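What follows are several structures.
Next come two complexes, and both contain chain A; in the first it sits with chain B, in the second with chain C.
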Partner chain A sequence: MLSMINVSYSYKTKSKVDVEVLNKKSMEFEQGKFYTIYGASGCGKTTCLSLLGGLDSPRDGVISLDGVDIKEIGYNNLRKNHVSYVFQDFHLFSYMTAVENVMLAINISGKIKNKKDAKEKAVALLESLGLVDAEMNRVITKLSGGQQQRVAIARALATDANYILADEPTGNLDKENTQNIIDIFKQLVLEQNKCVIAATHSESLKKQCDVCFSLEA
Partner chain B sequence: MGLFKRIVTEITRRPFRTIILAIAILVLSVLSMIGGFLQNAVNMAYQEYVKLEGYSIVVESRSGETIPSELIDQILALDHVVGYNDIGGHELDYKPVNFMNIPYKSNSYTSVSTSEYITLYGNISTSLYSTFRNGNMILKDGVFPSSHEKGVIIDSILAAKNGLDIGKEIELYSDTEDKTITFEIIGIYETLQAPEIRIDNSQGAYYTISPKSYIFCDYDSFFELRDSVDPLRSLMVYVDEYENIEIVYNEIREIAPEEEYGLINCLESTLSEYGAVVVALEGTSSGLLKFTYITSLVILFLMTLLWMRDHYYEAGIYIALGTEKIKIVLYFITEILIIALTTLAISLVIGRGVIYTYGEKILDIATGFTNSKFSDGLIQIKVLDNAFSYQSILSACGIYLLIVVISTLLSSVAIANYNPRQLFDAD
Partner chain C sequence: MGFESCLPYGCTVFVDKFESIDQVGSELRELLGKDVDIYNTASDYLSNEAGVVVLMKNYSLLIFGYVSVIGGIVMLLILTFYAAQYRSEVGIFLALGCKKGRIVLQYGISMLLIIALAFFISGIVYHFTASTIVRSLNDIAKNVINYEDRSYGPYITPDLGQEFSLNLDIKEIVSVSNYSKIFFFSLGFLLLSMTIPLYSIITTKPKFLLNKK
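Entry: the complex of A and B
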């Protein structure tokens, strides 16, 4: 279980004004469930994901994984082995192919050293997300938005992380692709016991999740 | 995609910025090589002037009286004093009787004049004579002539061509005194750099290889030949290292009263008369180097910051994927090193070409800035021949590499601590 316990977070603006984003928030995320953190822009959704993924530290409170503070686990270790990100803008390497992007994540995790095995795994992941051979070997810029987001999800799965943190994963997608991505998330939750946590202001995502945490600005 | 391929792809994706960074490194490193060349020229010139005077101090009797042996003994007992010679050049030309003169040769000259005469040199300490002190001649076999070892030492080629060796005798004839003298050969020396003599004529002064081989004998024998004794009115006292000249000068001054004896620091005197350009050039070259290195540090630091700015997105992805900060830093350093090493390899070739082709012009421009010139053309030639040094060029490249690495290290460490969101937003 990934937990956020009494977490408060604030940041300073350019004019040195303190802006409080989260105030004593607590949330728990279990494997095998699809969560959304819902709210308008500026309410702290992305901040929650940053804190859960160890990219930022809370002012107060604790983020823990299975009862262990993530500070003790180590942030790099956390992102290599336990949590993965899926971004709204995909944030893939545009000059690499789909396979190469996924292999990069495998390479960084250090779980598979052999290049051939890493490629096999990458191909398998992309196939499971509906990409065909020709698409896998295309440079990212030659893929559609929906395809790119699948590649991003495949990259997130490459490290065998149990917790997928998705920041506005359907923000740049059309209706059809949005539903495709939601279906993929549900499949991951059901079949692979993953925990998907999506920060979103999308109603359709909110309606189709298992648990929704609402935040207010 | 492997790490190296990834890095090369990142570099080639931004050709404009890569080229700008490379040009900056190239220009600045070539400038520093030129600065290094000038510094080498200064050191070479300085060494040539040191060689001219052989780290010596002249002690001269103001009254013209013979310098007492007690004073000489006191001077010899000082630390750092290695010996002395009579300052007067005791040399005479003799005609060889049972052998032939063989002139010296040098790689720098295509034609060598010759003479049937040899030059006999008489020294108190032959080993301290300038050609031996400077390493231009080295004793190969036997011993140096002295008051305890009477005889002569001859050049090895002279010996070989005439079938002479240690223990054999040579006969010399003096035209002026109309007599023949015999010497036993007690040593053979090898000439590494042929002695040069200055010729003054109506066309101006110039240097040439001595056409007469030098034969060195002990001091007493030289004057016995002439049935005369020159009183010792001025000494050339030799010091072990030129850094100790000042110390010895002051110590001699304490034991040789100023009103009775004149002292000259030969190195200082030579530099002030002929080597002012060296002193001035030293200031110019070190100024150029300092300016270049400081400017380079600032320029390259700013340029690598700009370079790193382009890598925010990339760094954001690596951080989000869980890459350790040290690996991110090493990745960026590797990228910059590839550019820097390639550029520095090119700058080595360019720098070498510039210095080789335009070395004299660069030296003229530099001395022009100092409002002085090399008064001795031969020293300028020697300086130009030897001032190019791969070592100094490689040092300049090494320093640049360090500057580039430090700049990249500072900026990439900063980036590695960012939240990927900040990096994506900034990009």
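Entry: the complex of A and C
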């Protein structure tokens, strides 16, 4: 279980003013469920995901995984083995192909050393998300938004992490692709017992999740 | 000792040994009497020659130094811009679970490859152009000396310059020790250009690196 216990977070503006984003928030996330963190822009959804994934640290409170503070686990270890990200802007390497992007994540995780095996796994993941051969071997910039989002999800799955943090995963997609992505998340939760946590302001995503945490600005 | 007749009024006396010039001058005075003006241009000539050579050497080294510093600054700017582009990538690597040490190593190796390539290219350019440049300096120096030669007294002494040889060796300007200095100077610039942006990248949290476009 990934937990956020009494977490507070603030940042300083350019004029040195403290802006509080989260104030003593607590949330728990279990495997086998699809969560959304719902709220308007600026309410702290992305901040929650950043804290859960160890990309930033809270001012107060504790983030824990299975009862262990993630500081003790190590942020690097957390991101490598337990948690993976799907970013709103995808953050894929534009000069690499879809396969190469996924293989990079496999390489960094260190779970598969052999390049051939890594490529096989990358191809299998991309196929399971609906990409065909031609698309897999295209450079990222030649793919559509929906295809890039699938590549980003495949990269997140490449490390076999149990917790997938998705920041506005449908923000840049049309209606059809939005539903496709939601279906993929549901499938991951049901078939692979993953925990998907999506930060969103989308009503359709909110309605289709198992648990919704609402934040207010 | 030799004589060369130079129209219309005098002649040039050439002496084999520099040390004998004063003695020859005295003997000529005794021989030719008081109505003759005897000019000894050798000492001034040598001083001027030495002065010209030293000046040219100093200027060459100065230009060399300026080019190295400017090249180093250009390299620093290029590497700094490269590091700025690298910020977002570093954020992605960190989000994927890559260690900071590995990122620094990867970045460092890519920088070293760039500087090695730059050094190699500049080495090739040096190899093919440095000799030509030094030869030109050599020719310019000789022309300066010949010009000086013609300006002494009322006599036209075009052959005086032949007595003095000038040879600028490329080793005066570029040697192994100078090249080593340039290499370590460049390495210093590289480390500086890496340290400044890398420090900023490594101390920034991954969330903020990812926000940089």
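We adopt the following convention: the second predicted complex is superposed on the first by the 217 of 217 C-alpha atoms of A that agree within 3 Å, B and C clash if a C-alpha of one lies under 4 Å from a C-alpha of the other, contacts with A are read in each partner's own complex, and residues count from 1 in each chain.
The rule we apply is simple: a residue touches a chain if its C-beta (ideal position, glycine included) is under 8 Å from a C-beta of that chain, and two chains touch if they have at least 3 such contacts.
Keep in mind that what you see is a predicted model, and the values were worked out from it rather than measured.
Visitor: Specify the outcome, clash or fit, for chain B and chain C once both structures are aligned onto chain A.
Guide: They clash.
Visitor: With both complexes superposed on chain A, which partner does A:S214 reach: first (chain B), second (chain C), both or neither?
Guide: In the superposition, A:S214 contacts neither chain B nor chain C.
Visitor: When the two structures are overlaid on chain A, which partner does A:L55 contact: first (chain B), second (chain C), both, or neither?
Guide: Both chain B and chain C are touched by A:L55.
Visitor: Taking the superposition as given, does A:T159 touch the first partner, chain B, the second, chain C, both, or neither?
Guide: After superposing on A, A:T159 lies in contact with both chain B and chain C.
Visitor: Could you look at A:M103 and tell me whether it touches chain B, chain C, both or neither (first, second, both, neither)?
Guide: It touches chain B, and chain C stays clear.
Visitor: Regarding the shared-chain residue A:Y85, is it in contact with chain B (first), chain C (second), both, or neither?
Guide: A:Y85 contacts both chain B and chain C.
Visitor: Between chain B and chain C, whom does A:N76 touch in the aligned arrangement: first, second, both, or neither?
Guide: both
Visitor: Quick one: is A:Y95 in contact with chain B, with chain C, with both, or with neither? Answer first, second, both or neither.
Guide: First partner only, chain B.
Visitor: Quick one: chain B or chain C, who's touching more of chain A?
Guide: Residues of chain A touched, chain B against chain C: more for B.
Visitor: After superposing on chain A, check 202-210, 220-228 or 238-246 and name the one in chain B that bumps into chain C.
Guide: Stretch clashing with the third chain: 202-210.
Visitor: Kindly list the residues of chain A that each of chain B and chain C touches, one partner per complex.
Guide: Residues common to the chain A contacts of chain C and of chain B are 50, 53, 55-56, 76-77, 79-81, 85, 87, 91, 93, 104-105, 108-109, 155, 159, listed in rising order.
Visitor: In their shared complex, at which residues does chain A touch chain C?
Guide: Against chain C, chain A makes touches at 50, 53, 55-57, 76-77, 79-81, 84-85, 87, 91, 93, 104-105, 108-109, 155, 159.
Visitor: Under the definition above, what is the set of chain A residues touching chain B in their complex?
Guide: The contact residues of chain A facing chain B are 46, 50, 53, 55-56, 76-81, 85, 87, 89, 91-93, 95-96, 100, 103-105, 108-109, 155, 159.
Visitor: Enumerate the contact residues on chain C facing chain A in the complex.
Guide: 88-89, 91-100, 205-208, 210
Visitor: Tell me, which parts of chain B touch chain A in their complex?
Guide: 1, 6, 9, 13, 313-314, 316-325, 419-421, 424
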